[in-house]
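Okay, so chain A shows up in both of these, paired with chain B first and chain C after.
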Partner chain A sequence: MTHVEIPVRVARIEMVADRIKSVRLMRTDGLPLPAFSAGSHVLVHLRAGSRTIKNPYSLAGPLHDTSWYEIAVLKAENSRGGSRFVHEQLHEGAQITISPPVSLFSLDLRARKHLLIAGGIGITPIMSMAAQLSELGAPFELHYCTRTHASGAYLDALKEAYGSRLHHYESARARRIDIERLLPQQPLGTHLYICGPQAMIEDVMRQARDAGWPTQHLHAEHFAAPSGGHPFDVKLLKSGRTIHVKEDESILQSLEDAGLTPPYLCRGGACGQCETSVASCDGSILHFDHYLSDEEKQAGNKIMICVSRLKGSRITLDL
Partner chain B sequence: MNREFKKETFRDDYTFFNSPHSIRRFPFPFWEDKYMYSVNIEPHTKGPAGSVYEFPIDINEHYVAEMEDRAIVLKEDPLRCQALPHMMLAQWDFLELLMTSMARDYPQWFSLTAEGSRWHWINRPLGIDQKFTFGDVGTLPCEPMEFIGRQCQGDFSLQDQRDGQLWMDAGIVTTQADWSLDFDVGMNFMEWHGPVPLAHDMRVFDRALKFLLNLQIGQPARRLNWTMTVNPRLDTSPENYTKWGADRATVTPENVGDKVHLRVELQALWRLPRSNAVLFSIRGYLIKMSELVTVPKWGRRMHRVLKSLPQELVDYKGITRYRDTTIEWLSKYDDGLPTSPGGAPD
Partner chain C sequence: MLVAGIKSRPLYPGFAPDRHCREHVFAIDGEGAQAVLDLFAAHGAQLSGRMTIVFADAAAGKSEYAARLDQLPVDVVHRMPTLGTAMQRLRAVLKASRMGTRIYAAGSETLIGLTVQIAQELGMDPQSVMTEHRGTLARRVQCVHCKGFTDNARTNIIQCAHCHANLLVRDHYSRRLAAFQGVCVDAEAPGELPEIVEIFK
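Now for the complex of A and B:
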């Protein structure tokens, strides 16, 4: 697969909430940016020192103006580099590249009603979904959970746009979303979409399944941030090379740093493009992706190299 | 590019034929002297000037006549154009792709000006001048897929992507090789490919689906498919089988050259950006056996491909009744010399 890189300039950086910066990107070659579907993300390529970090960020908007994109980035405590780089080094005027938009979190437009749930920075893909539904005149509710008022990005704009369709919850004021009460109020044919912290996603999905919702009606944005871990070595079957994976780098990143070009798309363990066969390993694979089935993970002969790691010292891949 | 559009028919008196220019650019699908399925997908990128790959949407000398034939089919059978209600966003994506491509690549025939959502489309060969608001169905004379689908060669189906599958939830299909949109609409990729022999065991569809689910915006792909048709009939649909099925029994050694046609489909696959749907454009090209053998390499190879074609494919493609007669006729054009690799003329 060829990876198209779109050259963009950082047109504006704004603090939109505590620890959240919005970044507005405009194309430098004068062409329009591709239109995108609600819930899409782009990979943002950031040159930090000698490394190029490619992180997925959801597009917050706008849906129709193809002259700019907006992403929002939370300053993460244990950032591998992307989030910290955006908050500490990226400046207005900087020239970077991005991938074309990719959708792994889509609206099902057959739904009779759409129940949108966002936790914290998870609001970004949900924002474009609300905008799309509003434009189509489709019934929806937007439930937005933040710690405080000040930590809720885009809160005022959302209130202005959606009025009583927006429900905001501040955990610091002991206001929490009551999923148990919310789910039974929905008409048959409602689809639920959630993006937020992993624990929140799992909790809501579990409650919805327990309440008898069909799994095809439940949609979650599953981005596994490639978490760090112990370092290990990757041996490549075809070339015989051995490449070291540092504690704060993914296998994919390490292979790229070594000049290899394995296939990838989302870099978040969701799309399946970087699925790689494992010839052998001397430990256990830590599967962090949402692509392989439980059986496949158990079998241990496949790994998604963008997010998953090894608990051990050496893994041999069919590359 | 300043050639005329031909006045011709694809039914009744069948006056269709290809000009020498049109023969030379025919997308001959056989890259070796035999044929078997493969996941023969390649990027749909710009090809040589004058070829069918020069532009993403190919408009040729048969344009006006093909659009007239489409109008006849749609008038007789409106179900050849169907869209489920959730596909409206994909319909606008489709209209945008076709209008921008056609206006950019054939400015002598089509023009598009857009000020925000206020669009102005002009189609000179068909005499259409339409102002409308992008996204507002009420400003067009019909739904967007039908509006632009009546103005572009090729059949089109729009697939919704959900639950790890592609669902054929809309399309405009009037020139098909014996498949039915009305039958397939609402089916998923595996379901509508159910009748294809051999390929399932080869896991062709598993691999193709995986590829399509990850198709990227701005990176369309293409493949060629083929069958054979008696008489240059575009509408070889199951709905009208009674009108053309019996033609297969009319092939004689004397009329093979004029009656038997190779029918090639240039199938392009596109990710539609606003809806995340996948568009299949199925652009058909017909060539008479008498036209095909004017390229010596093609005459030789066509003969060899037909001779070695597995029986399951002969039956599936519906050429059982006239295959032997056609092979016999083609044998005059096969002197046994080796052919060069690839499909292009020598």
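Now for the complex of A and C:
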């Protein structure tokens, strides 16, 4: 699988909320950027020191202007480098590369109504969805949960654009979304889309299933950041090579640093592209992805190398 | 012949109780009634909330099923004289329903197909409809040439009720149209037909 890289320049960086910066990217080779559908993301390749970090960021907009993309980046507390780099080192004028947009979180336009729910920085893909639905004249509600008013990126623009269709909740003022009340009110044919903190996604998904919503109507954007962990060795079955995975690197990153090109797409444990067979391992696999089923995770013969790790010292992969 | 081995041929996995839903709407015709009776007999205790049955009852209440359905612990049984009127009633019921409603369809392939079509038009994912085939395999066929529909096709070759072309009835199915596709079988040599066999009994 070949990976196209699009050269871009950082045209503008703006603080859009507490700890959130928006980054506007424009192509440097004069060609138009690929058009994208609501909910798409790109991988942003950042050169931090000797490493290249490739992080997925949802595209906040715009849907029709192919001269620029906008992403929004939250400065994460336990950043593995990407968000800290964007906040502390990336500057206007910098030249970087990105992947073409990929969509793992798209609208089902057959729906009679769309219920959009965003928590914090999860607003970015939800915002492009609202823009597309508004343009199509499709019925939707946008529910946006933030800690405070100041931590809500794009809040004023969303209020202005969507008026009473926007419902904002500030947890610091004890205003919380009442999912249990909201779900049964929705007309038959409603689809639900959610992006936000993992715990919020899991909670809303559980409540929706308990309220009898079919799984086909529930859509979530899950990006897992590859958390660090203990170092271990990866043995490759085909070449016999052994590659060391450092504590702050993913298996995928370590393989790439060693000159290998395993397939990947989202680098966030969502798409399934980097699924790899495990021949053997001397510990247990720490599955951090949202792709494998619980049964597959338990079976322990597959691993998503972009986010998952080993609790042990050596894993042998069919690569 | 291009009749079998086509992916769009729908599968009907059968009913299973959905204990999370707060409303259950059953669309049935003919022997499909037995699928609902069986579901209640085996899992009735797990179903709660409002229950509605829309029954396309061609036997006008004289079948053994009508009386037995009336004895089920359901809120309402809409008994309609034809499939067409039953589907109109189903659409009205579903239009007023909210999320948390499970749709079930049992009986002829035509009833199942039309139910899934209505659910889809109201924004429901077709896979979310529970389906169980009972009774006839007779097909609703769309002529790919004149676009007219012919009901109750029982043979591999039928004559289009609209343009009178001789059509081969394929497994190629359209969920949007709720119909199998019929393609002219004797275009090269008009009147030269393969053997006509009753295969959709």
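Observations, loosely collected:
Operating definition for what follows: the second predicted complex is superposed on the first by the 319 of 319 C-alpha atoms of A that agree within 3 Å, B and C clash if a C-alpha of one lies under 4 Å from a C-alpha of the other, contacts with A are read in each partner's own complex, and residues count from 1 in each chain.
The working rule: a residue touches a chain if its C-beta (ideal position, glycine included) is under 8 Å from a C-beta of that chain, and two chains touch if they have at least 3 such contacts.
These numbers were taken from a predicted model, which means no experiment stands behind them.
Annotation for the three-chain superposition on chain A: chain B and chain C clash. With both structures placed on the common chain, the touch criterion links A:R112 to chain C but leaves chain B unconnected. Using the contact criterion defined above for the overlaid structures, shared-chain residue A:V4 touches chain B, although it does not reach chain C. Look at A:P34: by the touch rule set out above, it reaches chain B but stays clear of chain C.
Once the two complexes are overlaid on the shared chain, A:L136 sits against chain B while remaining clear of chain C. By the touch criterion defined above, A:P231 lies against neither chain B nor chain C after alignment on the C-alpha atoms of chain A. In the superposition on chain A, A:G272 contacts chain B only, with no contact to chain C. By the touch criterion defined above, A:Q186 reaches chain C but does not reach chain B. When both complexes are overlaid on chain A, the residue A:Q216 reaches chain B and chain C alike.
Stretch 189-197 is the one of chain B that runs into chain C, the other listed stretches 189-197, 261-269 or 279-287 having no clashing C-alpha atoms.
According to the touch criterion, the shared surface of chain A, contacted by chain B in one complex and chain C in the other, consists of residues 108, 110, 216. Against chain A, the residues of chain C that register as touching in their complex are 18, 20-23, 94-95, 97-102, 120, 122-125, 127-128.
Those residues of chain B whose C-beta lies close enough to touch chain A in the complex are 43, 84-89, 93, 96, 117, 135, 160-163, 210, 214, 216-219, 273-276. Chain A contributes residues 1-2, 4, 34-37, 40, 63-64, 100-103, 106, 108-110, 132, 135-136, 216, 265, 271-273 to its touches with chain B in the complex. For chain A in complex with chain C, the residues that touch the partner chain are 108, 110-113, 183-191, 209-214, 216-217.
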